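Presented below are the structures under discussion, each in the form of C-alpha cells.
Consider the two complexes below, in which chain A is the common component and chain B and chain C are the respective partners.
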Partner chain A sequence: MAKGILIIVEQRNLEIRKVSLELLSQGRKIADETGEPLVAVIVGNGIEGLAQTVTASGADKVILIEDAKLADYTTGAYTSVLNKLIRKEEPQAVLMGNTAIGKDLAPRLAQRLGVGLASDCTGMETDASSFLVFKRPIYAGKAFEYLTSNVRPILATIRPNTFKVTDPDAARKSEIVKEAADIDAGDLRAILKEVAIAASSRPDLTEANIIVSGGRGMGGPENYVILEALADVVGAAVGASRAAVDSGWKEHKFQVGQTGKTVAPTLYIACGISGAIQHLAGMGSSKFIVAINKDPEANIFNVADYGIVGDLFEVVPVLTEEFKKLVK
Partner chain B sequence: MAAATRQVYWNIEGEHWLYLLFVIALIFFSYGVFKRVQLWKLGKPENRWKDVGQGIKDVVVYGLFHKRILKDPYPGIMHFMIFWGFVFLAFATAIITLQADVGLQIFHGWLYLFIKLTANIFGFAALIGILMAAYRRYIVRPDRLDNIADDAITLILLFVILVTGFLIEGVRMAALSYTTTPDQWASYGFIGQWISIPLRSWMNEAQLLSLHRFLWWFHLVLAMTFIGYFSNSKLFHVLLGMANQFMRNRGPIGIPELIDFEDESIETFGKSQLREFSWKALFNTDTCLRCGRCQDNCPAYLSGKHLNPKRIIQDMKVLMQETGAALEAKKEMATSVHAAEGHDEAEADEMEEPTGRALIGEVIPEEDLWACTTCRSCEQQCPVFIEHVDKTIDMRRNLVLMETRFPSEAQLAFKNMENNGNPWGIGWSTRADYLTNLGVKTFEENPGAEYLYWPGCSGAFDARNQKVSAALVKLFNSAGVSFAILGNEEKCCGDSARKLGNEYLFFSLATENIETMNGHGVKKIITQCPHCYNLLKNEYPQFGGNFEVIHHTVFLLDLIKSGKLKLSHGAGKTITYHDSCYLGRYNQIYEQPRELLKTVGLDIKEMAHTGEKSFCCGAGGGRMWLEEHEGQRINEMRTDEAIALKTDYVGTACPFCLTMIADGIGARGVGEQLKALDIAEILEQAL
Partner chain C sequence: MNIIVYIKQTFDTEAKIVLDGSGKIDANGVNLIINPYDEFAVEEGIKLKEKLGGEVTVVSIGGAKAQEAIRTALAMGADKGVLISDPALENADEWANAEVLAKAIAKMPCDIVIAGRIAIDDGASQIGVRLAEILNVPSISSILKLDVTGTHVTATREIDGGTETIEAELPLVLTAQKGLNEPRYPSVAGIMKAKKKPIQTLTLADLGLSAGDLAPKMSVQKYTLPDARKAGQKIPGDVATAAHELARLLREEAKIL
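Moving on to the complex of A and B:
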C-alpha cells in the first residue's frame, strides 16, 4: 500500500535549491494534515551534510543516494536510481521543482513508472478522495485546470516561488537512510566532464528577482558599468533593450523583449529605455517597474510604477549609493 | 526605283546544300525545345492561359518595347539595340527566303531598299549593342552578372554573324564595281559601301569573288548554328521571356495559394520538392536569364545576407535539370530490369527527390528562405515576370506546417497571435481601450456606421502607432466621417503569420475576422496598415470576405478632394516619403501619399530608391518578429538614404515602416534633425 509524500530535493554544488525548500515546507503541512510521512530524497556525492537542512525543513525521513558518479546531474543515472527508489518506497506522491532538472527528469520518471504527470503546477491541495489535487495554468494563463491521478504515485513538478519557505526547525529529528547507488553502465550514456560557468556572477536573466536594464540611452557599451554597479549592490541581473543589442553594446543573450528573453522579475529597473512595444512584450509582466529616462514623453512611463525623469548617468549612481546604505 | 533589287545567290553554286544544313539545324532546335518541355512537365498543372488580349499587349509592351528592360539605361539600351537589330535582320532574311526559296517575287523596289537600309542601320546598332554587352560583361563586370560559357559563345556567335554579314555585302559591292553592273543602290547599304572602298583597292575581282564565296558559306553555317543553338542556349530567352510576359500574373500580386484544410486527402502542406511546384514555376526558372536585376534590388542581398533571388531561381533550374536526368536514368534502369526479370514496371517513388538532394536545406539554405522580406522588388524589376516570392512562401509553409522548423523568435509571435490575437501577446481584452478612450464607438455600439476603421495590432497596442490612430480619429471626426471599430472583436489580420508560412494560424485568424465583420454587416473598411490593407482587400476574398478596403492615405486624399477635410497649407518644410512595399509594389499606391504631402505644402525629396524601386524597411514578410543576424541592418540602410537628403521629416504610411525607420534614426542618433512621422500625423498638424 502506497504511503508517504516523496520530495526529490535538488542540490547544486551541495547547496539545496530554494524550490526544494518550498516543497518541503508545503509538504510538511500536507503531511501533518493527512498523517502521511514526508520523505526527502537527495542524490549526489558528499551530500550527508544536507540531511540536517532537509530535516529542519520538515522531512520525517531522508534518503541519501550517494555516488561519485552522481555528483552532477545526468539524465540517465538520475532517472535510473530514482526510478528504482520510487518503486521500492511506493509513495503516494512524488514532487519536484519545475526546474531545468525537474523538467528533464519528471517525464522520464513518469514513463518508467507508467504514471501520469502534472507539470508546472502553481498550486496543490489535499483532497479526500484522490489525496492531492494540482492546479496548473493553461492557455497562457487565461484559465486553470485541476489535475489528479488515480494511479500511484501521483507525479508533479511545481513551479518555483509557488509556496513559501517556512522557518527551519533545527530541533527536528528524522530517520536518515543511505541507499546504494545502483547504476548500470547503460545508465551513464552521458558523462559530465566539465562545467564552464559564464564569467558573470550575476543571476540569470530569466531567474533573477531584480533586473537592471539599459537601452539606447546608455550611449555606449562602456557605460554599462554603472548599471553593473547597481546590479551588484542589489543582486540583480543586467539586461538590455533591442536597441542596445543591435548597436552591439550587449550580446543577444542579454536582450529582453519580443525577440529576446521574456522576464517577469519582482523589480525591473529600465534605464534609458523608451519602452517600445517590442521591449514591453518581454518585461511587461514584471511586478514593479521603475523607469529612468530623460524624455518625460517616453512610453516606458506609461507602464512604470515609479518613474524618474532625469539623466540616468546622474540618477543611477545615486541609487547605487542609497541601496548600498540600505543593504548594509 | 521599282527596278531596285539584287540577285540572291549571286556568285554562289550548290546553294541547295543549305536546305540540308537547315534541316540539321531544325533537328537541333527541335531537340532543344523537346528537352525543355520534358523538364517543365515535371511540374504540376496550372492554367496560365487566361487573358489572351492582355497577354499580347504585355508581349508588345514588355517584350517588343522593353518597358522593364529599359528601366536600367545601359543594359536596357544595349539590349534594345541587339534585339531590334536581329528583328530587322530576321525580317530581311525572311523576305529573301520567300523570294529565293519560295518563289514570291517581292525582293525588289522599295521593300528591297527598305531592307537594305534597315539591315544596315539596325544591324550596326546590334553590333554596337554586342560590343557594349561584352564591355559590360567582361570589363566592367558588375556584381549582378555571373559568366558562363554560354554567355561568351552567344556573344561571339552574334558578333561574327553580324560582321560577316556586313563583310559579304562589302565584298559583293567591291566585286561588282569591277563589272559593268555595279550596285546602283549601294548607298542604301552604307556600311557595306564603306567596307567595299578599301577592299577594292586591296584586291582584284577574282580575289574578291572567292573571298565572297568563302564568307557566304561561313556566314550561312553560322546562321544555321544560330538556329540549332537557339533553343539549347540562353538565346531561347527571347521566346521564353515573351511567353512569361504573356502568362504573367495580372491580378493582385502575391496571393499565396489557398490550402484547403478541410481536404483530408492532402498529406503535405507547402512545397519541399521540385515536382510539387507548378509547371509555370519550373518554366520561370528556365526563363531566367541571370540578368541580376532582382539581385541588384533585393534588400536582403544588398544588406549582405546570403539570400540572392537570382541564385534561388538558378539553383532550382539546376535541380530541375538534374531531376529530369535522374528520372530519365531511373526509367531506363526500370525498363532494363523489366526486360531482364519480367517485373512489373518499377514504381517511381513520388515522394523522393530523385537527385537525392533536398530542395530545402541542400539546394536552397533555410536561412535564405527566412531572410526574404517579401518586398517583391525582385519581381517588380524582373523583365520577364518571374515569381520569386511565392516559391519562398511555399517553402516556408512546408517548414512551418510540416517540419516545425522556423526561427525561434517566430514561435513567440505565433503563440501570441494564437492566444491573444496580436503578435506581442498583450491581453486581447485591452485591444479596444486606447481608441474607446478617445471616444471611438465600436460597431456594436454604433451598428449604422458607414466605415469600419481597422487600426490593426500596431494602431491598437503600440504606443508609437497609437499616436497615428489618434491623428486619424481626429481627421475622420473633422471631416465628419461615420466610422466605428470592431474593438476587442478585432484580431491580428494574419499577414505576418501567412507570410511566415503559418497558414493554419492565418486561416483561423482570417476566418474569425471575416465572420465578425460579416456578422456586423461591414461593407467598407479603412485600414491604417498596408499589410492589413493588402490582406483584407486581396486575400480575404479567398475566404469569403468581400469588402471595399481603403488605405488611410487614399481615403484622406478623397476627403480632401471632396472638400470634407480642410487643411491649412504650410510652407518651408521638406520631407521624403518612404514607399511601403505593400502599398506600392503590391497595390500600386505611389501617388496618393505624395499628393497628400503636397496638399499641406511640404516639399518632397525622393530617396535613392523610390517608387517601384523603393527599398524595404526590413519588416515585411514577418521579418518584423525575427532577429536580423546576418549582414547590415536593412532599416538602417534605408534610414541612411533618408538622412542623406537632409529633410525635416521622413513620411511613412505603414506602422512597420514607421517603427523600423524610427529605430534607424535612433541608431544613427539623428533624432534631433530627422523625424519619422506617419502621413496622418503630418496632416493632423495641418488641421
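Moving on to the complex of A and C:
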C-alpha cells in the first residue's frame, strides 16, 4: 500500500535549493491534512549536515543517499538510486522542483517507474479520490490544465516560487536513514566533464521575486546597465523580450515568453516592451505588472497595473533613485 | 549516420487559446507550425548529416495535418518522414507517446535521436528523455552546443545559472534548446524536392500495439483560462512626478518595496 509523500531535495554545493524548502513547507501541510508521513531524500556526497535543515523544514523521515559518484548530478546515477529508493519506499507521491535537474531527472525516473508525470506545476491541491490534483500552465500560460494520476506513485515537478517557505522549527525531530548507493557502470554512460556557472549577483529569473525586463525599446545591449542598476537596488533579476534576444542584445537564458521562460514574480517591470501575446503568456501571471513605454497605445498597458508613458531612458534612472530612497 | 529527429506540430505562438463547448482546447481556425524548439532539432540533424554523411528521418505523432510539419522539415533538408497517426492516440499522455515513438524508432536504423527540449503547447518536456529510457541509451537534455566525432559525443547543456558539458557515446538522445543553432528557412528548391520525398504513415496496429496497451497514466480533469487582466492606471505627470508616484504606489498600495 502506497504511503507517504516523498520530496526529492535538491542541493547544489551542499546548499539546499529554495524550491526544495518550498516543497517541504507545502508537503508538511499536505502531510498534516492527509495523515501521510513526509519523507525527504537527499542525494549527493557529504550531505549529512543537510538533514537538520530538512527536518526543521518539516520532514518526518530523512533518507540520505551518499556516494562520491553522486557529488554532481548525472541523469543515469541519480535515476538509478532514486528508482530503487522509490520502489522500496512505495510513496503515494514524489515531488521535486522544476529546476534544470528536475526537468532532466523526472521524465527519466517516471519512465523507469512506468508512471505519469505532471511537469512544471504551479498549483497542487489534495483530492479525496485521486490524492493530489496538479494545476499546470499549457501554451506557456495562455491556459491551464488540471491533472491527476491514475497510477502510483504520483510524480510531479513544481515550479519554483509556487509555494511559500514556512519558518523552520529547529525543535522538530525526524528519523534519519542512510541508504546504500547502488550504482553500476550502465548508470554512468554520460559523464559530466565541466560545470560553468556564470558569476552573477542577481537571482535566477524563475526564482526571482522582482524582475526588471527590457525589450526592443532598449535600443542595444549596452543600455541594459540602466535596468541592472534598477534591479540591483531591489535584488531583482533582469529579463528580456524575444525582440531583444533575437537582436542579439541578451542571451536566450534571459528571455521571458512563450519560447523563453515563463515567470510569475511579485513584481514585473516591463521597459520598452510592446506586449506581444507570446510575451504576455510568459509573464501574465505576475502579481503586479509595471509598464514603462513611449507608446501610449502599447499592448503592455492593457495588462499593467501601473504604467508610465515616457522614455525609459529618462524614467528608469529617476525610478532607480526613488527605489533607493524606499529601500534605504 | 542514421539521424532521427522527433518533431511535433503545435499551435502558432500567435494563437489565442479558447475553449470549445465541451471545455477542451479549441483547435478550430488555429494556424499550425513546427514546434519552434523542434526546428533547432531538425537544423542540428541536417548539420550532422552535412558533416558526417547519412540520412535524417523526421518522425512525428499526430493527425493527418502533421504531414505539413514533416514536409517543412523535409524542405529544410531532412530525407524522409514517418507519421504515426491513429485515432486512439488523441488523448495519449507523455508515457504513451514515448512508448509509441520508441516502438517505431526501434525498427529503424538509429545512431542519434534529436528532439526539441519542450513543446510550446503542453509544455511537458518529457518525450525525449522518456524515449532514451525506453531505448536504454543515455540522454543529454537542453543542449546549446554539440560535437560528434566518430561515436563520441560532447554536448553543452543549459543548467540553472550556467552550463555543463557532458560526454557520452552513440547511440543517444539529445534535446535541443534555443541557441543551439539558427534554423534555416526552406529554399524554393528545397520545397520542390520535399514534395517527392517519402512520408510513411504508421498506425498503432503497424507497430504491434493496441489502444489497450496505452491506457493513460494521467488524466486531465479540466482546462481553464487565466483570469483576464485589467488595464490599471497610467500615472500622469512629468518624469520626476510619475516615478515618485509609482514608487509610492508600489510601497503603499501593492505593498512590495
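Heads up, the rule we're going with is that the second predicted complex is superposed on the first by the 193 of 328 C-alpha atoms of A that agree within 3 Å, B and C clash if a C-alpha of one lies under 4 Å from a C-alpha of the other, contacts with A are read in each partner's own complex, and residues count from 1 in each chain.
Everything below uses one rule, namely that contacts are C-beta pairs under 8 Å (C-beta built on N, C-alpha and C of every residue); 3 or more make two chains touch, one makes a residue touch a chain.
Here the structure is a predicted model, which means the values were calculated and not measured.
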Which superposed partner A:Arg216 touches (first chain B, second chain C, both, neither)
first
Taking the superposition on A as described, I'd like to know which of chain B and chain C A:Phe131 touches: first, second, both or neither.
neither
Chain touching more of chain A, residue-wise (chain B, chain C):
C
Using the touch definition from the top, say if A:Tyr78 reaches chain B (first), chain C (second), both or neither.
neither
Given the touch rule stated above, what does A:Asn302 touch, chain B (first), chain C (second), both, or neither?
both
Quick check for you: in the superposed arrangement, does A:Ser247 touch first (chain B), second (chain C), both or neither?
first
Should A:Tyr224 be classified as contacting the first partner (chain B), the second (chain C), both, or neither?
neither
Does chain B (first) or chain C (second) touch A:Gly275, or do both, or does neither?
first
Have a look at where A:Phe163 lands relative to chain B and chain C in the superposition and call it first, second, both or neither.
neither
Show me the chain A residues, by the header's touch rule, that chain B contacts in one structure and chain C contacts in the other.
139-140, 142, 252, 258-259, 262, 277-278, 284, 302
Can you list the residues on chain B that touch chain A in the complex?
409, 412-413, 415-416, 419-420, 423-426, 458, 461-464, 625-627, 633, 659, 663, 666-667
State the interface residues of chain C toward chain A in the complex, per the touch definition above.
11, 13-17, 19, 25, 36-37, 93-95, 98, 120-130, 132-134, 137-142, 154, 158-169, 172, 177-179, 215-226, 229, 231-235, 239-240, 242-244, 246-247, 249-251, 254, 256-257
In their shared complex, chain B is touched by residues of chain A numbered 139-140, 142, 216, 243, 246-247, 252, 258-259, 262, 274-278, 280-281, 284, 299, 302
With touch defined as at the start, can you tell me which chain A residues reach chain C in the complex?
12, 74-76, 79, 99-101, 103-104, 106-108, 110-112, 114-120, 133, 136-151, 189-198, 200, 204, 206, 210, 234, 251-253, 255, 258-260, 262, 266-267, 277-278, 284-285, 287-290, 296, 301-310, 314-315, 318-319, 321-323, 325-327
